[in-house]
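Consider the two complexes below, in which chain A is the common component and chain B and chain C are the respective partners.
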Partner chain A sequence: MHSQAQNTLPNTSKKVNNEAGLAIINSKAPYSSHYGKDALDVALIFGSYEQKVSLFFQGDGVHQLIAKQDTSLLSIKDYLKTFAAFEFYDIEHVYACQQSLLTRKLEPSFHITDVQVLSTTEFSAALNHINMYCGFKT
Partner chain B sequence: MSTLHLVRQSAFATNDFAQCLNVVNQNDAIVLMDDGCYNVNHTLINNLLKQVGDNINLVASHAKARAIEANKMIKLIEMADVVTLTFIHSKVITWQ
Partner chain C sequence: MNTLAVVITTPPYSPLTATAVNYVETALEAGIKLVGVFFYQDGAMHANEHISIATDEYQAIFHWQRLQQKYSVPLHVCATAAEKRGVILGELTDEVVNKSFTVSGLGELVELTSKASRLVQF
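Moving on to the complex of A and B:
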(Lines of atoms letter the chains of each structure in order from A and count residues from 1; the text may use other names and numbers.)
(Lines give C-alpha, C1' and ligand atoms only; values in the text may rest on other atoms or scores of the structure.)
Protein backbone atom coordinates (compact mmCIF):
# COMPACT_ATOMS: atom_id res chain seq x y z
CA MET A 1 0.00 0.00 0.00
CA HIS A 2 1.34 3.42 -0.89
CA SER A 3 0.37 6.81 0.41
CA GLN A 4 0.11 9.77 -1.85
CA ALA A 5 0.12 13.46 -0.98
CA GLN A 6 -3.38 14.94 -1.17
CA ASN A 7 -3.76 16.81 -4.40
CA THR A 8 -5.87 19.91 -4.77
CA LEU A 9 -7.31 19.34 -8.22
CA PRO A 10 -10.52 21.16 -9.16
CA ASN A 11 -13.83 19.36 -8.58
CA THR A 12 -15.13 17.46 -11.56
CA SER A 13 -18.64 17.87 -12.89
CA LYS A 14 -19.67 14.38 -11.81
CA LYS A 15 -20.26 13.21 -8.26
CA VAL A 16 -16.91 12.01 -7.02
CA ASN A 17 -15.74 11.11 -3.56
CA ASN A 18 -13.86 14.09 -2.17
CA GLU A 19 -13.26 12.65 1.24
CA ALA A 20 -10.12 10.95 2.39
CA GLY A 21 -10.24 7.19 2.35
CA LEU A 22 -8.91 4.27 0.41
CA ALA A 23 -8.82 3.98 -3.36
CA ILE A 24 -8.64 0.46 -4.73
CA ILE A 25 -7.37 0.22 -8.28
CA ASN A 26 -8.41 -2.77 -10.37
CA SER A 27 -6.69 -3.25 -13.67
CA LYS A 28 -6.74 -7.01 -14.18
CA ALA A 29 -9.25 -9.17 -16.04
CA PRO A 30 -11.44 -11.16 -13.64
CA TYR A 31 -10.68 -14.87 -14.14
CA SER A 32 -7.05 -15.54 -14.98
CA SER A 33 -5.57 -14.19 -11.75
CA HIS A 34 -6.55 -13.73 -8.10
CA TYR A 35 -6.19 -9.92 -8.16
CA GLY A 36 -9.88 -9.18 -8.67
CA LYS A 37 -10.96 -11.41 -5.78
CA ASP A 38 -8.25 -9.98 -3.50
CA ALA A 39 -9.30 -6.42 -4.30
CA LEU A 40 -12.90 -7.31 -3.50
CA ASP A 41 -11.89 -8.83 -0.15
CA VAL A 42 -9.91 -5.72 0.80
CA ALA A 43 -12.83 -3.48 -0.20
CA LEU A 44 -15.27 -5.46 1.94
CA ILE A 45 -12.91 -5.57 4.93
CA PHE A 46 -12.44 -1.79 4.84
CA GLY A 47 -16.19 -1.38 4.28
CA SER A 48 -17.05 -3.50 7.31
CA TYR A 49 -14.84 -1.26 9.49
CA GLU A 50 -16.74 1.76 8.12
CA GLN A 51 -13.72 3.06 6.25
CA LYS A 52 -14.36 5.07 3.10
CA VAL A 53 -13.58 2.99 0.05
CA SER A 54 -13.62 3.97 -3.60
CA LEU A 55 -13.14 1.43 -6.36
CA PHE A 56 -11.40 2.34 -9.59
CA PHE A 57 -11.63 0.06 -12.61
CA GLN A 58 -9.29 0.71 -15.51
CA GLY A 59 -7.54 -1.28 -18.25
CA ASP A 60 -8.67 -4.92 -18.34
CA GLY A 61 -10.12 -4.33 -14.87
CA VAL A 62 -13.27 -2.90 -16.48
CA HIS A 63 -14.15 -6.48 -17.53
CA GLN A 64 -14.94 -7.14 -13.85
CA LEU A 65 -17.96 -4.85 -14.15
CA ILE A 66 -19.41 -6.09 -17.43
CA ALA A 67 -22.86 -7.71 -17.33
CA LYS A 68 -23.90 -11.17 -18.60
CA GLN A 69 -20.71 -13.03 -17.67
CA ASP A 70 -21.14 -16.68 -16.72
CA THR A 71 -18.47 -18.27 -14.54
CA SER A 72 -20.34 -21.59 -14.33
CA LEU A 73 -18.73 -22.35 -17.73
CA LEU A 74 -15.28 -22.04 -16.16
CA SER A 75 -16.05 -24.06 -13.02
CA ILE A 76 -14.95 -21.26 -10.74
CA LYS A 77 -16.78 -19.34 -8.03
CA ASP A 78 -18.48 -16.19 -9.26
CA TYR A 79 -16.96 -13.58 -6.94
CA LEU A 80 -18.31 -10.81 -9.18
CA LYS A 81 -21.78 -11.57 -7.76
CA THR A 82 -20.55 -10.22 -4.42
CA PHE A 83 -20.20 -6.76 -6.03
CA ALA A 84 -23.95 -6.49 -5.44
CA ALA A 85 -23.18 -6.28 -1.69
CA PHE A 86 -21.30 -2.98 -2.04
CA GLU A 87 -24.26 -0.90 -0.89
CA PHE A 88 -24.53 -2.92 2.35
CA TYR A 89 -20.88 -2.08 3.02
CA ASP A 90 -21.50 1.59 2.18
CA ILE A 91 -19.19 1.39 -0.83
CA GLU A 92 -20.85 4.01 -3.01
CA HIS A 93 -18.01 5.13 -5.21
CA VAL A 94 -17.34 2.78 -8.10
CA TYR A 95 -15.65 4.35 -11.08
CA ALA A 96 -14.96 2.92 -14.53
CA CYS A 97 -12.54 4.48 -16.99
CA GLN A 98 -14.39 5.46 -20.17
CA GLN A 99 -11.29 5.23 -22.34
CA SER A 100 -10.67 1.65 -21.21
CA LEU A 101 -14.26 0.73 -22.14
CA LEU A 102 -13.94 2.37 -25.57
CA THR A 103 -10.61 0.71 -26.35
CA ARG A 104 -12.15 -2.70 -25.58
CA LYS A 105 -15.34 -1.90 -27.54
CA LEU A 106 -17.39 -2.50 -24.39
CA GLU A 107 -20.85 -1.02 -23.82
CA PRO A 108 -21.27 0.56 -20.38
CA SER A 109 -23.68 -2.20 -19.36
CA PHE A 110 -22.71 -3.32 -15.86
CA HIS A 111 -23.90 -6.07 -13.50
CA ILE A 112 -24.17 -3.58 -10.62
CA THR A 113 -25.92 -0.21 -10.55
CA ASP A 114 -24.26 3.09 -9.61
CA VAL A 115 -21.07 2.59 -11.59
CA GLN A 116 -19.86 5.99 -12.70
CA VAL A 117 -18.12 6.14 -16.04
CA LEU A 118 -15.46 8.86 -15.92
CA SER A 119 -13.32 10.35 -18.66
CA THR A 120 -9.55 10.01 -18.28
CA THR A 121 -9.28 13.48 -16.72
CA GLU A 122 -12.17 12.91 -14.32
CA PHE A 123 -10.83 9.47 -13.45
CA SER A 124 -7.39 10.79 -12.54
CA ALA A 125 -8.92 13.75 -10.66
CA ALA A 126 -11.14 11.39 -8.63
CA LEU A 127 -8.10 9.24 -7.84
CA ASN A 128 -6.00 12.22 -6.85
CA HIS A 129 -8.59 13.35 -4.30
CA ILE A 130 -7.94 10.24 -2.27
CA ASN A 131 -4.78 10.04 -0.22
CA MET A 132 -4.33 6.28 0.12
CA TYR A 133 -4.39 3.74 -2.61
CA CYS A 134 -4.07 0.04 -2.95
CA GLY A 135 -3.26 -1.31 -6.39
CA PHE A 136 -4.22 -4.74 -7.68
CA LYS A 137 -2.39 -4.45 -10.92
CA THR A 138 1.07 -6.03 -11.11
CA MET B 1 4.62 -27.67 -41.60
CA SER B 2 2.14 -25.55 -39.78
CA THR B 3 1.85 -24.26 -36.25
CA LEU B 4 -1.04 -24.00 -33.83
CA HIS B 5 -0.92 -20.84 -31.73
CA LEU B 6 -2.71 -20.92 -28.39
CA VAL B 7 -3.29 -17.31 -27.33
CA ARG B 8 -4.13 -17.13 -23.62
CA GLN B 9 -3.45 -13.50 -22.68
CA SER B 10 -5.28 -10.25 -23.27
CA ALA B 11 -3.57 -8.10 -25.90
CA PHE B 12 -4.79 -5.07 -23.94
CA ALA B 13 -2.54 -6.11 -21.05
CA THR B 14 0.42 -7.90 -22.60
CA ASN B 15 2.49 -7.95 -25.77
CA ASP B 16 2.04 -11.69 -26.46
CA PHE B 17 -0.62 -11.35 -29.13
CA ALA B 18 1.46 -8.82 -31.07
CA GLN B 19 4.47 -11.16 -30.87
CA CYS B 20 2.33 -14.04 -32.09
CA LEU B 21 1.29 -11.95 -35.10
CA ASN B 22 4.95 -11.37 -35.93
CA VAL B 23 5.67 -15.06 -36.38
CA VAL B 24 2.38 -16.39 -37.69
CA ASN B 25 2.34 -18.07 -41.11
CA GLN B 26 -0.42 -18.34 -43.68
CA ASN B 27 -1.14 -22.02 -42.93
CA ASP B 28 -1.13 -21.61 -39.16
CA ALA B 29 -4.17 -21.75 -36.94
CA ILE B 30 -4.92 -19.54 -33.94
CA VAL B 31 -6.94 -20.49 -30.89
CA LEU B 32 -8.09 -17.70 -28.60
CA MET B 33 -8.69 -19.08 -25.13
CA ASP B 34 -8.85 -17.84 -21.52
CA ASP B 35 -8.05 -14.09 -21.45
CA GLY B 36 -7.05 -14.38 -25.12
CA CYS B 37 -10.81 -14.23 -25.84
CA TYR B 38 -10.69 -10.48 -25.15
CA ASN B 39 -8.55 -10.11 -28.28
CA VAL B 40 -11.58 -10.45 -30.59
CA ASN B 41 -12.24 -6.79 -29.74
CA HIS B 42 -8.64 -5.69 -30.25
CA THR B 43 -7.62 -3.83 -33.40
CA LEU B 44 -4.86 -6.41 -34.06
CA ILE B 45 -7.52 -9.04 -34.86
CA ASN B 46 -7.96 -7.39 -38.28
CA ASN B 47 -4.26 -7.91 -39.06
CA LEU B 48 -4.61 -11.52 -38.01
CA LEU B 49 -7.69 -12.03 -40.23
CA LYS B 50 -5.60 -10.79 -43.16
CA GLN B 51 -2.76 -13.18 -42.31
CA VAL B 52 -4.57 -16.44 -41.59
CA GLY B 53 -8.10 -15.76 -42.87
CA ASP B 54 -10.62 -18.20 -41.47
CA ASN B 55 -8.12 -20.08 -39.31
CA ILE B 56 -8.97 -18.15 -36.14
CA ASN B 57 -10.79 -20.14 -33.48
CA LEU B 58 -12.38 -19.07 -30.22
CA VAL B 59 -13.13 -21.39 -27.33
CA ALA B 60 -16.89 -20.86 -26.99
CA SER B 61 -17.22 -21.53 -23.25
CA HIS B 62 -14.33 -19.18 -22.39
CA ALA B 63 -15.82 -16.40 -24.52
CA LYS B 64 -19.36 -16.88 -23.20
CA ALA B 65 -18.08 -16.81 -19.60
CA ARG B 66 -16.57 -13.40 -20.35
CA ALA B 67 -19.68 -12.07 -22.14
CA ILE B 68 -17.78 -11.82 -25.43
CA GLU B 69 -19.49 -12.12 -28.78
CA ALA B 70 -17.37 -13.15 -31.71
CA ASN B 71 -17.14 -11.74 -35.16
CA LYS B 72 -18.56 -14.08 -37.86
CA MET B 73 -15.10 -14.65 -39.33
CA ILE B 74 -14.03 -16.40 -36.11
CA LYS B 75 -14.92 -20.06 -35.57
CA LEU B 76 -16.41 -21.11 -32.23
CA ILE B 77 -14.90 -24.35 -30.95
CA GLU B 78 -14.84 -26.51 -27.80
CA MET B 79 -11.84 -27.80 -25.85
CA ALA B 80 -12.17 -31.20 -27.61
CA ASP B 81 -11.60 -29.40 -30.92
CA VAL B 82 -8.43 -27.82 -29.49
CA VAL B 83 -7.10 -31.35 -28.90
CA THR B 84 -7.92 -32.27 -32.51
CA LEU B 85 -6.11 -29.14 -33.72
CA THR B 86 -2.96 -30.10 -31.82
CA PHE B 87 -2.87 -33.33 -33.89
CA ILE B 88 -3.47 -31.55 -37.22
CA HIS B 89 -0.59 -29.11 -36.76
CA SER B 90 3.01 -30.19 -36.38
CA LYS B 91 3.91 -27.69 -33.65
CA VAL B 92 2.09 -25.88 -30.87
CA ILE B 93 3.11 -22.52 -29.42
CA THR B 94 1.36 -21.31 -26.28
CA TRP B 95 1.41 -17.54 -25.83
CA GLN B 96 1.10 -16.88 -22.12
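Moving on to the complex of A and C:
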Protein backbone atom coordinates (compact mmCIF):
# COMPACT_ATOMS: atom_id res chain seq x y z
CA MET A 1 0.00 0.00 0.00
CA HIS A 2 2.93 2.28 0.46
CA SER A 3 5.28 4.04 -1.81
CA GLN A 4 8.91 4.39 -2.78
CA ALA A 5 11.54 2.42 -0.97
CA GLN A 6 14.53 4.71 -1.16
CA ASN A 7 16.52 3.60 1.79
CA THR A 8 20.15 2.70 2.03
CA LEU A 9 20.54 3.23 5.76
CA PRO A 10 21.64 0.33 7.94
CA ASN A 11 18.76 -1.21 9.84
CA THR A 12 20.44 -0.55 13.17
CA SER A 13 20.14 3.18 12.65
CA LYS A 14 17.65 4.99 14.83
CA LYS A 15 17.76 7.89 12.43
CA VAL A 16 14.47 8.75 10.83
CA ASN A 17 14.82 8.23 7.13
CA ASN A 18 11.30 9.27 6.33
CA GLU A 19 11.56 12.99 6.61
CA ALA A 20 7.93 13.69 5.86
CA GLY A 21 6.95 11.33 8.68
CA LEU A 22 3.77 9.34 8.82
CA ALA A 23 0.46 10.13 7.16
CA ILE A 24 -2.64 8.91 8.94
CA ILE A 25 -5.71 8.56 6.77
CA ASN A 26 -9.10 8.83 8.41
CA SER A 27 -12.08 7.73 6.36
CA LYS A 28 -14.53 6.76 9.07
CA ALA A 29 -17.22 8.77 10.84
CA PRO A 30 -16.28 9.39 14.48
CA TYR A 31 -18.69 7.46 16.66
CA SER A 32 -19.87 4.37 14.81
CA SER A 33 -16.53 2.62 15.16
CA HIS A 34 -13.20 2.83 16.98
CA TYR A 35 -11.19 3.72 13.88
CA GLY A 36 -11.02 7.42 14.65
CA LYS A 37 -9.96 6.93 18.27
CA ASP A 38 -7.35 4.31 17.30
CA ALA A 39 -5.98 6.69 14.66
CA LEU A 40 -5.83 9.48 17.25
CA ASP A 41 -3.83 7.27 19.63
CA VAL A 42 -1.29 6.59 16.87
CA ALA A 43 -1.08 10.30 16.01
CA LEU A 44 -0.47 11.28 19.64
CA ILE A 45 2.19 8.64 20.23
CA PHE A 46 4.06 9.77 17.11
CA GLY A 47 3.72 13.34 18.32
CA SER A 48 5.03 12.49 21.76
CA TYR A 49 8.06 10.76 20.22
CA GLU A 50 8.63 13.94 18.22
CA GLN A 51 8.00 12.15 14.95
CA LYS A 52 6.32 14.06 12.17
CA VAL A 53 2.73 13.08 11.59
CA SER A 54 0.10 14.43 9.22
CA LEU A 55 -3.60 13.72 9.43
CA PHE A 56 -5.74 13.31 6.35
CA PHE A 57 -9.52 13.32 6.61
CA GLN A 58 -11.48 12.11 3.64
CA GLY A 59 -14.86 10.49 2.94
CA ASP A 60 -16.92 10.10 6.12
CA GLY A 61 -13.71 10.87 8.02
CA VAL A 62 -14.36 14.60 7.56
CA HIS A 63 -17.14 14.26 10.14
CA GLN A 64 -14.40 13.92 12.76
CA LEU A 65 -13.52 17.57 12.23
CA ILE A 66 -16.99 19.07 12.39
CA ALA A 67 -17.78 21.23 15.41
CA LYS A 68 -20.65 20.96 17.89
CA GLN A 69 -21.07 17.21 18.08
CA ASP A 70 -22.74 15.79 21.16
CA THR A 71 -21.90 12.27 22.32
CA SER A 72 -23.81 12.45 25.60
CA LEU A 73 -26.65 10.35 24.19
CA LEU A 74 -24.30 7.68 22.89
CA SER A 75 -22.46 6.74 26.10
CA ILE A 76 -19.23 7.41 24.26
CA LYS A 77 -16.36 9.49 25.50
CA ASP A 78 -15.87 12.34 23.06
CA TYR A 79 -12.34 11.63 21.83
CA LEU A 80 -12.64 14.51 19.36
CA LYS A 81 -12.02 16.91 22.27
CA THR A 82 -8.46 15.60 22.37
CA PHE A 83 -7.86 17.03 18.88
CA ALA A 84 -7.42 20.35 20.71
CA ALA A 85 -4.10 18.96 22.02
CA PHE A 86 -2.59 18.66 18.54
CA GLU A 87 -0.68 21.87 18.97
CA PHE A 88 0.87 20.57 22.19
CA TYR A 89 2.01 17.43 20.34
CA ASP A 90 3.35 19.50 17.42
CA ILE A 91 0.84 17.95 15.05
CA GLU A 92 0.59 20.78 12.56
CA HIS A 93 -0.62 19.16 9.38
CA VAL A 94 -4.33 18.43 9.38
CA TYR A 95 -5.96 18.16 5.97
CA ALA A 96 -9.61 17.85 5.01
CA CYS A 97 -10.81 16.82 1.57
CA GLN A 98 -12.96 19.59 0.12
CA GLN A 99 -14.89 17.27 -2.16
CA SER A 100 -15.80 15.04 0.80
CA LEU A 101 -17.17 18.10 2.66
CA LEU A 102 -19.16 19.23 -0.37
CA THR A 103 -20.61 15.78 -1.04
CA ARG A 104 -21.88 15.68 2.56
CA LYS A 105 -23.05 19.31 2.47
CA LEU A 106 -20.81 20.11 5.43
CA GLU A 107 -19.63 23.65 6.11
CA PRO A 108 -15.93 23.89 6.93
CA SER A 109 -16.64 24.88 10.52
CA PHE A 110 -14.23 22.77 12.49
CA HIS A 111 -13.70 22.23 16.21
CA ILE A 112 -9.95 22.81 15.84
CA THR A 113 -8.11 25.59 14.11
CA ASP A 114 -5.53 25.16 11.39
CA VAL A 115 -7.37 22.55 9.37
CA GLN A 116 -6.39 22.95 5.75
CA VAL A 117 -9.16 22.25 3.27
CA LEU A 118 -7.63 20.88 0.08
CA SER A 119 -9.02 20.14 -3.34
CA THR A 120 -8.85 16.53 -4.48
CA THR A 121 -5.69 17.27 -6.46
CA GLU A 122 -4.01 19.11 -3.59
CA PHE A 123 -5.08 16.42 -1.15
CA SER A 124 -3.53 13.64 -3.19
CA ALA A 125 -0.43 15.74 -3.84
CA ALA A 126 0.02 16.30 -0.09
CA LEU A 127 -0.41 12.58 0.50
CA ASN A 128 1.96 11.69 -2.29
CA HIS A 129 4.65 13.76 -0.64
CA ILE A 130 4.70 11.36 2.30
CA ASN A 131 6.47 8.04 2.12
CA MET A 132 4.64 6.17 4.86
CA TYR A 133 1.04 5.98 5.69
CA CYS A 134 -1.36 4.12 7.86
CA GLY A 135 -5.04 3.94 7.06
CA PHE A 136 -7.97 3.87 9.44
CA LYS A 137 -10.73 2.85 7.11
CA THR A 138 -12.37 -0.28 5.85
CA MET B 1 19.33 -2.44 2.28
CA ASN B 2 15.57 -2.21 2.05
CA THR B 3 13.83 -2.35 5.39
CA LEU B 4 10.21 -3.20 5.91
CA ALA B 5 7.72 -2.71 8.73
CA VAL B 6 4.28 -4.31 8.61
CA VAL B 7 1.12 -3.26 10.43
CA ILE B 8 -1.77 -5.70 10.78
CA THR B 9 -5.08 -4.10 11.69
CA THR B 10 -7.40 -6.86 10.49
CA PRO B 11 -8.39 -9.96 12.50
CA PRO B 12 -6.86 -13.44 12.00
CA TYR B 13 -10.00 -14.66 10.23
CA SER B 14 -9.67 -11.91 7.61
CA PRO B 15 -8.76 -13.08 4.11
CA LEU B 16 -6.00 -10.45 4.24
CA THR B 17 -4.04 -12.61 6.68
CA ALA B 18 -2.91 -15.05 4.00
CA THR B 19 -1.86 -12.14 1.81
CA ALA B 20 0.05 -10.59 4.71
CA VAL B 21 1.89 -13.83 5.55
CA ASN B 22 2.72 -14.46 1.87
CA TYR B 23 3.95 -10.89 1.49
CA VAL B 24 6.13 -11.07 4.58
CA GLU B 25 7.56 -14.44 3.62
CA THR B 26 8.32 -13.35 0.05
CA ALA B 27 10.04 -10.22 1.36
CA LEU B 28 12.16 -12.27 3.76
CA GLU B 29 13.10 -14.73 1.03
CA ALA B 30 14.10 -11.79 -1.15
CA GLY B 31 16.55 -10.70 1.56
CA ILE B 32 14.58 -7.67 2.70
CA LYS B 33 15.16 -6.82 6.34
CA LEU B 34 11.86 -7.01 8.19
CA VAL B 35 12.14 -4.83 11.29
CA GLY B 36 8.91 -6.17 12.71
CA VAL B 37 5.21 -6.77 12.46
CA PHE B 38 2.92 -4.66 14.63
CA PHE B 39 -0.57 -5.93 15.44
CA TYR B 40 -3.02 -3.12 16.15
CA GLN B 41 -6.82 -2.75 16.36
CA ASP B 42 -8.47 -6.10 15.47
CA GLY B 43 -5.02 -7.31 14.48
CA ALA B 44 -4.35 -7.84 18.21
CA MET B 45 -6.51 -10.96 17.98
CA HIS B 46 -3.76 -12.71 16.04
CA ALA B 47 -1.86 -13.14 19.30
CA ASN B 48 -4.70 -15.04 20.99
CA GLU B 49 -3.59 -18.63 21.43
CA HIS B 50 -7.19 -19.75 21.88
CA ILE B 51 -8.62 -18.51 18.64
CA SER B 52 -9.77 -21.57 16.81
CA ILE B 53 -10.29 -21.28 13.09
CA ALA B 54 -12.00 -24.07 11.13
CA THR B 55 -9.42 -26.48 9.75
CA ASP B 56 -10.37 -25.80 6.13
CA GLU B 57 -9.61 -22.08 6.65
CA TYR B 58 -6.29 -20.28 6.82
CA GLN B 59 -4.48 -21.00 10.08
CA ALA B 60 -3.17 -17.55 10.91
CA ILE B 61 -1.37 -18.26 14.17
CA PHE B 62 0.33 -21.36 12.76
CA HIS B 63 1.85 -19.32 9.95
CA TRP B 64 2.96 -16.43 12.20
CA GLN B 65 4.61 -18.95 14.50
CA ARG B 66 6.27 -20.62 11.56
CA LEU B 67 7.66 -17.29 10.27
CA GLN B 68 8.78 -16.31 13.74
CA GLN B 69 10.65 -19.58 14.22
CA LYS B 70 12.19 -19.63 10.76
CA TYR B 71 13.19 -15.97 10.47
CA SER B 72 13.02 -14.63 14.06
CA VAL B 73 10.51 -12.02 12.92
CA PRO B 74 9.61 -9.71 15.82
CA LEU B 75 5.83 -9.89 16.29
CA HIS B 76 4.57 -7.06 18.47
CA VAL B 77 1.01 -6.92 19.71
CA CYS B 78 -0.33 -3.59 20.98
CA ALA B 79 -1.05 -3.93 24.70
CA THR B 80 -4.07 -1.60 24.74
CA ALA B 81 -5.66 -3.23 21.70
CA ALA B 82 -4.98 -6.68 23.18
CA GLU B 83 -6.47 -5.79 26.57
CA LYS B 84 -9.60 -4.50 24.93
CA ARG B 85 -10.02 -7.84 23.17
CA GLY B 86 -9.34 -10.08 26.18
CA VAL B 87 -5.95 -11.18 24.91
CA ILE B 88 -4.26 -9.76 28.01
CA LEU B 89 -5.75 -11.21 31.16
CA GLY B 90 -3.55 -10.26 34.10
CA GLU B 91 -1.87 -13.39 35.50
CA LEU B 92 -3.41 -15.49 32.76
CA THR B 93 -1.79 -13.47 29.99
CA ASP B 94 0.91 -16.08 29.36
CA GLU B 95 -1.79 -18.65 28.75
CA VAL B 96 -3.59 -16.44 26.25
CA VAL B 97 -0.83 -14.70 24.31
CA ASN B 98 0.94 -17.03 21.92
CA LYS B 99 4.64 -17.31 22.75
CA SER B 100 5.71 -16.04 19.33
CA PHE B 101 4.29 -12.61 20.16
CA THR B 102 5.67 -9.80 22.30
CA VAL B 103 3.29 -7.48 24.11
CA SER B 104 4.38 -3.92 23.30
CA GLY B 105 3.15 -0.36 23.49
CA LEU B 106 2.24 1.88 20.58
CA GLY B 107 5.71 3.37 20.97
CA GLU B 108 7.01 0.21 19.33
CA LEU B 109 5.17 1.22 16.16
CA VAL B 110 7.09 4.49 16.21
CA GLU B 111 10.33 2.50 16.59
CA LEU B 112 9.49 0.20 13.70
CA THR B 113 8.49 2.99 11.33
CA SER B 114 11.62 4.95 12.20
CA LYS B 115 13.76 1.96 11.25
CA ALA B 116 11.89 1.05 8.09
CA SER B 117 12.01 2.45 4.59
CA ARG B 118 8.58 1.08 3.85
CA LEU B 119 5.45 0.47 5.87
CA VAL B 120 2.82 -1.95 4.62
CA GLN B 121 -0.56 -2.41 6.23
CA PHE B 122 -2.98 -5.32 6.00
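In the analysis below, the second predicted complex is superposed on the first by the 119 of 138 C-alpha atoms of A that agree within 3 Å, B and C clash if a C-alpha of one lies under 4 Å from a C-alpha of the other, contacts with A are read in each partner's own complex, and residues count from 1 in each chain.
FYI, contacts are C-beta pairs under 8 Å (C-beta built on N, C-alpha and C of every residue); 3 or more make two chains touch, one makes a residue touch a chain.
If you're wondering where the values come from, they're calculated on a predicted model, not measured in any experiment.
Enquirer: So, A:Asp60: does it touch chain B (first), chain C (second), both, or neither?
Expert: first
Enquirer: Which of the two partners, first being chain B and second being chain C, lies in contact with A:Asp38: first, second, both, or neither?
Expert: In the superposed model, A:Asp38 contacts chain C only, not chain B.
Enquirer: Please work out whether A:Met132 is in contact with chain B alone, chain C alone, both, or neither, and reply first, second, both or neither.
Expert: Touch partner of A:Met132: chain C, not chain B.
Enquirer: Per the contact definition in the header, classify A:Leu22: touching chain B only (first), chain C only (second), both, or neither.
Expert: second
Enquirer: Contact-wise, after the overlay, does A:Phe46 reach chain B, chain C, both or neither (first, second, both, neither)?
Expert: After superposition on chain A, A:Phe46 lies in contact with chain C alone.
Enquirer: Given the touch rule stated above, what does A:Asp70 touch, chain B (first), chain C (second), both, or neither?
Expert: first
Enquirer: In the superposed arrangement, does chain B or chain C reach more residues of chain A?
Expert: After superposition, C is the partner touching more of chain A.
Enquirer: Which holds for A:Glu92: it touches chain B only (first), chain C only (second), both, or neither?
Expert: After superposing on A, A:Glu92 lies clear of both chain B and chain C.
Enquirer: Taking the stated contact definition, name every residue in chain A that is touched by chain B in one complex and by chain C in the other, in rising order.
Expert: Overlap of chain B and chain C footprints on chain A: empty.
Enquirer: Okay, in this complex, where on chain A does chain C touch?
Expert: These residues of chain A touch chain C: 1-3, 5-11, 13-18, 22, 34-35, 38, 41-42, 45-46, 49, 51, 131-136.
Enquirer: Show me the residue ranges of chain C that touch chain A in the complex, using the header's touch definition.
Expert: Of all residues in chain C, those touching chain A are 1-3, 7, 9, 33, 35, 40-41, 80-81, 105-107, 109-110, 113-121.
Enquirer: Okay, in this complex, where on chain A does chain B touch?
Expert: 28-32, 59-60, 63, 66-74, 103-106
Enquirer: Which of the residues in chain B end up touching chain A in this complex?
Expert: 8-10, 12-13, 34-35, 38, 41-42, 61-62, 64-67
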